[in-house]
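Below, each structure is written out as structure tokens.
Both complexes below contain subunit A, partnered by subunit B and then by subunit C.
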Partner chain A sequence: MGKKILSREEILHLAGLAKLHLSDEEINKYQGQLDETINYIKNLEELDTSKVVPTNSVVDLKNVTFEDGAENKKGLTVGESLSNTKETEKNEFAVKRIM
Partner chain B sequence: MLLGKTLVELKELIDSKEISPDELFKYFMQRIKKYNPKLNAYLTLNKDVDFKNSGVLGGIPLAIKDNFCTYGLRTTASSKVLENFIPPYESTVTARLKKENAVFLGKTNMDAWAHGSSTETSDFGATKNPWDLTRVPGGSSGGTACAVSSYLAPGGIGSETAGSIRQPAAWSGVVGLKPTYGRVSRYGVIAMGSSLDCPGPLTLCVKDAALILGVIAGHDSMDATSSPRSIENYLEALKQKKSYTIGLCDDYFEGLDRDVLNAVEKSIEVFKKLGFKTKKVKLLSPQYAISVYTIIQRAEVSSNLSRYDGIRYGNDRRSFGDEAKRRIMLGTYTLSYGYYDAFYKKAQKVRTLIIEDFKRVFTEVDFVIGTPTPITALKLGEFEKYPFFGELMDKFNEPGAMAGIPGISLPVGLDRNGLPIGMQLMGSYFREADILNAAYLFEQETDYYGVIKKGIHNYE
Partner chain C sequence: MNKYIPVIGLEIHVELKTKSKMFCQCRADYFAKKPNTQTCPVCLGLPGALPVPNKKAIEWVQKIGAALDCKLRPHSKFDRKHYNYPDLAKGYQISQYDEPFAVNGRVTVCNPRNKTKKSFGITRVHMEEDTAKLTHRGSGTYVNFNRSGVPLVEIVTEPDFHNADDVKMFLEELQVIIRYLDVSDADMEKGSMRMEPNISLQKITNDRSQITKKSELPNYKVEVKNINSFRFVKQAIEYEIKRQTEILEKGKTPVQETRGWDDKKNKTYSQRSKEEAQDYRYFPEPDIPPFIFEENYLDEVGVSLPELPQEKIDRYIADYKVRESDAFVLTRSRKLAEYFEKVVSISKKPQQVANLIINKKISIDLTPEKFCQKVEALLSPKVTDRKMLSETVKKTIVDNPKVVSDYKAGKKNVLMFLVGQVMKAMKGRADANLVRQQLLENIL
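After this line comes the complex of A and B, so read on.
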């Protein structure tokens, strides 16, 4: 077994960034599996892209905006917005104390 | 006798009053009650249905993949995170189907968050392949593919990020169309890879695919990435008898099971008989598209799944399954400080190369032919042995998905184990009408060698 690309600490750091709680078993498993994947995707180094412009989107659209004053059809009412939450207080989302 | 009737045929029966929409709905509900317990194609059945005969799809029952938000009807993306989520809004795709008075039988199973190619990563149990209950139907739109193949729905909606319509269509033996990215609105589809996601139909025939595409395609102000280009009359396009040039690329025939290879080669002969020309072409190896896809899709997953905080809706992040966590972890890695240029930006650059590659080839030929999947349906549990294996299984779909081009999967026979084999045609941007036209000519010539009919008659 060669040295792992990602250390246990790095796995824990990534899990922290992504707000995931991993068990010891998961940490070991993902460490191995991410190594396997990272080793595979390194094949892109074989391609010269020094003069290539990156693609963000395949659709040929630029600066898609709403017209001023257009109706916002995506809006939800307070009742709709709260319809799937577990905890509400005074018609607002209730969260645990942060400070 | 309703068994096996296509959407177009059922519509005629409704229009001539030989059957009413509620009778038709009950017919499918009875079949679902009988067969769904062993197939697990549906997660949630619809009870609140309004029957109307008018509209392009008036009274036509459809199966909807569970990542399309349906107003008032539970939508889970097959994840425990959303096990009780009742959408307060409707996706554009389902809204357009409802506007034409289609009725929804229910929501179909999928890989959780559409992460997978087997429908096994569903938090609500795997869907079974109707051809062999010990095998997977493919995925991630495996529930819809299974429902259509076993006639628990006469047609349905799936979505693709890279292969999630075409691959289950191939493994379950039905027709699956992945449109051009931006042709069909993503609004209200639970986001997975936002620069890739693409809704499309799974059906029993090409006419049905054309019918549904005509309803769901077109610009949507709710999705800023949807194309303003006007849509074609896809059904009308089937009436023309055109001749096309098909591109043959060696890389797309590499590593195929011998039965799959033989079936695809036989399909090429059918197209030649229909007057099509063939031409050898060269494309970038799919090996690179696998990497580009893995990097960009995981990055978009880690971003899209960051919204699940358990506060506004759904359960908290402890409810994520194994595959979602693995993908979030890799996406977080490739987007994180110090690795962004090496992975994400590099992948975006190679994505440009893939796009240019297809654009060049499509000046020489109309389509590139191949298969959506190098082998036929795997046994339940086989995917789990190889975490990265699913990506290798989708290697023929990932180049087209990264480029955003359309493709169709058609059944072209059975392998030595009696499992369906798929063939696919990929075309250039917004050439859906031509893809459907070529597929329709193939259908008329072969009737898919009886595969679709046989699949349905396994569930009399």
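After this line comes the complex of A and C, so read on.
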């Protein structure tokens, strides 16, 4: 393995954005894995993409919308909505206090 | 002598009052509803759920763009903005990054007090989704997803403001415009209109024209959140100007950060350091195909706008010869302006009608026709029926012997009581001076 692409600080910054708390061992592990990912994507640099228009969407569709006030066929009851969570209180999802 | 000039830009969020949410068919009117009763897999961010945009919400954001004199983009798309917070179950908010629905607008605001007009640039108007509502109690934070996915429009201005008064004036005008369009309640207390000023200070150089150049903008900015009234915006800006001046005076640079407004202590407080755009890892929303609009369609959005408050002010002054300050007051709500126009179309006395409405001399709860009748009655000179007056005066004197004797005994102020009695009997159709004169002649 050559020089690291991502510095230790950058790994910690990215982990912070993802709310991950990494041990020293994990920092090294992720540094290796992310470098590998970036190197893989870097293969694209071998291709001449100067004449390729950026692709925002791979489907051949446009202007897909629904009419305001259309019938709600997927609505959930409070019970259904809360059914996959561990902690609830008074019909609300409960998480550790964040402020 | 001030050494610094404030440079202020604004971000304003407005919730649209569509029936459905932005990307699903759940009801959007979440106010005072029981928690988590208006949710579905899309607005809960469950895996595999697919968002589909609300057509009306897009029409309305374009309407707002057109009303703010923006260019409506023929090509637009949604993007994912990533951050992790309990109000956002998906881990990203569907928003717009580089292709917002509307760009490069301008709003001109008239100040009726000093009859000046100022114009402020609009950078962009884009569409996004509101987040879930968080409540903090004890050791927990509680999440209600009824608000998650409600259509939210973000309006971003150029850093064209240099004082708190202009900001307040602009925001008030913006609220009036949004309400004219009938697309949002724009109610700050209910949270359907929220604003975040970005404030920094620019050192004044000899060449004052430099401050407007982008390259000369300060190298930091402070964003203030949690402001829910126009008055607090003004106070928060004034507080920040003072706080930042003190830091700069010490030769330091204020920290680039997001601050909150504490309306009890009347000060701002540090919340968190501000993310850089790259930290949001924006990328095109793969679940929503792009939007391509025909020129005809976009032209039609502009044509279909109602007459806006500033246009009404100009017309009232030009066509009705109404005073500018009155035109301003009359146009603060579309309903009032339309009522005024209806009354004027019947009575043809614009300035008098304006006075009567503004001074609340006649109730605007009346139909315009009834209002006009009252206008005629108030404005036409009083014609007194002499015969009826003479009879009424005599009768009033006979009916009130005690009052009359009091008057004769020197209690001069009881005369007003008699005048009142006569006016009442005549249903107001008499000249008060004449009544007084007749009473005196008959008593003595």
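Operating definition for what follows: the second predicted complex is superposed on the first by the 98 of 99 C-alpha atoms of A that agree within 3 Å, B and C clash if a C-alpha of one lies under 4 Å from a C-alpha of the other, contacts with A are read in each partner's own complex, and residues count from 1 in each chain.
The rule we apply is simple: a residue touches a chain if its C-beta (ideal position, glycine included) is under 8 Å from a C-beta of that chain, and two chains touch if they have at least 3 such contacts.
Keep in mind that this is a model prediction, so the values were computed, not measured.
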- Task: Name the contact category of A:Asn56: first (subunit B only), second (subunit C only), both, or neither.
- Result: both
- Message: Quick check for you: in the superposed arrangement, does A:Leu47 touch first (subunit B), second (subunit C), both or neither?
- Response: first
- Chain touching more of subunit A, residue-wise (subunit B, subunit C): B
- Message: Just to be sure I read the superposition right, which of the two partners does A:Asp68 touch: subunit B = first, subunit C = second, or both, or neither?
- Response: second
- Query: So, A:Ile11: does it touch subunit B (first), subunit C (second), both, or neither?
  - Reply: first
- Message: A:Ser23 in the overlay: touching subunit B, subunit C, both, or neither? Say first, second, both or neither.
- Response: neither
- Query: Regarding the shared-chain residue A:Val78, is it in contact with subunit B (first), subunit C (second), both, or neither?
  - Reply: second
- Task: Please indicate which partner A:Glu92 is in contact with in the superposed arrangement: first for subunit B, second for subunit C, both, or neither.
- Result: second
- Task: Would you please give the residues of subunit A that touch subunit B in one complex and also touch subunit C in the other complex?
- Result: 17-19, 56-59, 61, 64, 66, 73-74, 76, 81, 87, 93, 95
- Item | Contact footprint of subunit C on subunit A as seen in their complex | 17-19, 56-59, 61-78, 81-82, 87, 89-99
- Item | Touch list for subunit A against partner subunit B, complex | 6, 11, 14-15, 17-22, 26, 30, 33-34, 36-38, 40-47, 49, 52-59, 61, 64, 66, 73-74, 76, 80-81, 83-87, 93, 95
- Which of the residues in subunit B end up touching subunit A in this complex? 84-86, 88-89, 181-182, 195, 221-222, 224-225, 227-228, 287-288, 290-292, 294-295, 302, 306, 310-314, 317-318, 320, 322, 325-326, 328-330, 332-333, 336, 343, 345-353, 355, 387-388, 402-404
- Query: What does subunit C use to touch subunit A in their complex?
  - Reply: 18-20, 24-27, 34-42, 44, 52-58, 77, 82-86, 134-136, 138-145, 279, 281, 284, 286, 288-293
